[in-house]
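First comes the structure, then the notes that go with it.
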């Protein structure tokens, strides 16, 4: 049985302008699937934000907004599935039990969000736990975790490694929350902690993902407690 | 019981750039719902075409492409539902039986596509038949039916009224099909014919829709056989 | 992988008086399944017409009538499945996605109608497109396509081959519609055209079907445009 | 709240030859619905037997045969629903919970069988128990319970009233089983006993049902234990 | 293909106090699965009785009470499934069709109750019929069938073998019903009779089950009619 | 429209030994439903813990364990629904959309857990947000929040009021986590914060709940940021 690798993929990868990029990702994952089983969680990206903002301006409630984001992330997941052709499980699973069954098929699995009130990060961590993944790569729009918001603070310093406890402190305090970390990442951290899942936050970029998959240092690694 | 009015709404109305426009439509439909019950079928628009083209370039089959379009048209429908607030049935029905139940609530009903292999025009005609609508307004990107493609032929002439039989002939012959009328409109015509549904093709624009609702001449009216 | 052959089977094959005939068909399809994978769409026949006429006389709407026909065609499909014993997929799929999954099993697949507003002919064509069938045999109560209704016109002439464009013209004009071609065949034709599916209309009869499967001339072949 | 009356209706009422009869039943039930709420369980009749016998001859198992009978009884139920027009709950419930919800609507409810392995008699008794019906009328092809099979024994005597305990003895012993009482009637009896449901076996015929509804003596009444 | 063995397991096996016992059963069934395919129906036990009694005291109806019992029996089934680890079908089937599919997987199948109004005994018999089991072992809290209630009558005598007809007589008469045999056992008997299923009532105890599986005499065997 | 009050009820209330207590709760909620609409989230209690511990000892994964807890909490919810008789929505909703629909009925709503990976506390907070509740009462086994674990530290001091920010700090640091606050309470806090939900942690006890409903000081109130 191949090692299972969970990868959260930024919604940016699925942007309208980037049709070709997604096919490159597909080619990359097919190549990698010879040595491991990729399990990919697609983000929502700009189209998701459009639907969410529109609905929010009409007064829709938070869980409805989450549902819209989940729907778009699932359509994104389907685009990647089609690009992966016969190498992917044929549709995005919609809950943890379906994820488990899909992973049992041995194929590449691509899913979107699963549940309102849960960030795709938390979802990815729960999936990593459920399928006993050997590693969780969180591929985002930034290239790791900084001690302050790198978009606002020129001197922000990136951590190569950070203790889980310290990361939690960063996330809990308001100034860091303001830096754009969303509601449930603290949930993702708790799951990572209780199941001791090897986790790395990296830039969403094929070369960087490949580097991380080879075990080379890139982005920020979370140091788990013993 | 109020008269039921079926309106197919062009996907353009839901475009990312047009957030405000959709709210204007909502305000308009709420106002009109005092004198009739609007039943609205949302098109897919540009975002639907993005997902469809992307999936087609990966080799996805026709019914899969249809499903993607349906999913997006349903999300569009939900945006209009939220903008209509308490005046709309709370979610888009997904088949004819659900449409019927939703319409029985007396609220404004907004739906997207229902079934792969069926254009939203055909869907709208089937809905008009199912709920015994008094009229079907097909609000599109052009302002009526022309004797040739108005985008290519400067001298194309718009019909104020056209006999159903003649419209069918236009649709069947290849040169008109090339003008962009899609696969199933011939189905819509058959439904209109068998159930003698009063039908008008008009420009998707609030003023034009209002004019048509008042019974004033606009766009192209289909003359039904006796 | 065996070639896939889609066969629309007249409802007559499932008639109450013909229990033995259905078993002969089963034996025939099992024999043929050694060299190809039959995918069979069962019609509704006399019992479907009974339920439909009864409901119509009570004022039921068109899509409800279609649903009754679909239910009976599915029960017919089940009878053929039981007669095929272990050689058939164990139940009739109810939508295109399920049809695809069923066909992937490699077993003989038997289905009924799929969707209100769609003739079993159109359904069969959509299935042929979905599963990339090599041929679509439309086995009906008449032995091919005639230039006028053979039941009314003694001198009606059968076409051995007919261009798709000409067949469409026949179907669209009212006099031919009166000859009993139902609502959606024009849809079937469009699907056949867009996906260039090899199609033959033949008599529903084991010997004739076998002849057609061997590539011998029988019934009417539709000539596809280049 | 009106009294609830459960009526098991013989499949014969739905026979192909009897289209008009079913409409008479509908008119009758609508009239009666002003003073009570009829809850009707449709039998399967001849068409059900056709499907069952056909499938049995192909070796289908007992629960599959039951499913076929249930499907046809539900289609029969739908015919009666259409004939009752707006006065009936719009579709046949498919399990006891749905039956309860349907009955809560106050409309006439028509259902078919519910579950493989359960006769429509037992189903009717369970429904009577679930909805706290005031009476259960079992309208069959014979006009009551006899001490031996009236088709074989000229001198068979009909009971006007029979103690539940004695009826059970009749049903359990083989000679009576041979008289055509089916598998689960003993189940119906147990339900009638535990919930003390007033029960009468009568001929399926409008006049007889009306007589029974008026409390006049007809058919066979089951005497419940104290 | 291995022989299929249906075992109804007393709810007592799943008691809170007996965590270890259930694991012993799991070990036992895994060992036996090398020579046959066990299909196990879990009873509800004390926790089921708690929920049922509580709901009954609030006036819940009989089918609701049955549903509560079924839910608990399914949770019991899941406990056994987890203890069987990869050797069991991953969840309890919820109707006969799902049971059939689960059994086709070749794995050990564990299910709870299936349907309100049906005892787990009757359910087990229907499952044995559906999957063509070679034997049905009914493992209960007593060690066989007695001529009177062994808890009340010191001199009650156990049958080593009993004719089905005689057992039915015992069950039907009130004094035996009072001995605690529940509503539907007469249904189980009818199924056993019509499909001639080899059946034995034994004590729920690993050693006794093993003895019965080896064909040794234990408990009470039901003698089937020719 | 009455004010909506969300109450998380400790699983202890549903304990086997406490049948009467649950009826007292039902009587209490019915009385209170004249002035507000109670929406109750049932915990799992001892039976849930039994199933969870048993499954964990067999190696079941975390989300499976959560599902077991959710199932039992739903059965608990049903017991309260039965005890509330006609005053409660007839079954426990299983997701946020269903909760919303149930609350729209105006009846008392009782639900269990909704989703694996989410504590019943977080679920209750999300429900309070979704239905725009005026207050969230978290009725637990302890009588408020302490500065250290009251079971271990005699001198632990209860907060009458605590700032949300300070509570979050308590929850995040390991020593307080060890005090038994479960995984997702931090999620509940975030929801309470973003939607500014008035929240109080109190002892699960009818008198205390009544006191809190009257606005009297009891347990610990969370002070929301401006």
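Going by the order they are written in, the chains are A, B, C, D, E and F; count residues from 1 in each one.
The rule we apply is simple: contacts are C-beta pairs under 8 Å (C-beta built on N, C-alpha and C of every residue); 3 or more make two chains touch, one makes a residue touch a chain.
Just so you know, these numbers come straight off a predicted model, no measurement behind them.
Listed here as common contacts of chain C and chain E: D. Of the chain pairs listed in A-F, A-B or D-E, the one whose interface repeats that of E-F (more than half of its contact pairs identical by residue number) is A-B.
Averaged C-alpha coordinates give centres for chain C and chain D that are 38 Å from one another.
Taking each chain's centre as the mean of its C-alpha atoms, chain C lies 58 Å from chain F.
Rounded to whole angstrom units, the spacing between the C-alpha centres of chain B and chain C is 31. Taken residue by residue, chain A touches two or more other chains at no position, since every residue touches fewer. The touching residues of chain F, counted against chain E in their complex, run 16, 19, 22-23, 26, 47, 50-51, 53-55, 57-60, 64, 68, 71-72, 75, 78-79, 82-83, 85.
If you check the complex, the residues on chain A that touch chain F are 61-63, 96-97, 115-118, 122, 126, 129-130, 165, 168-169, 172, 174, 183-184, 186-187, 190-191, 194-195.
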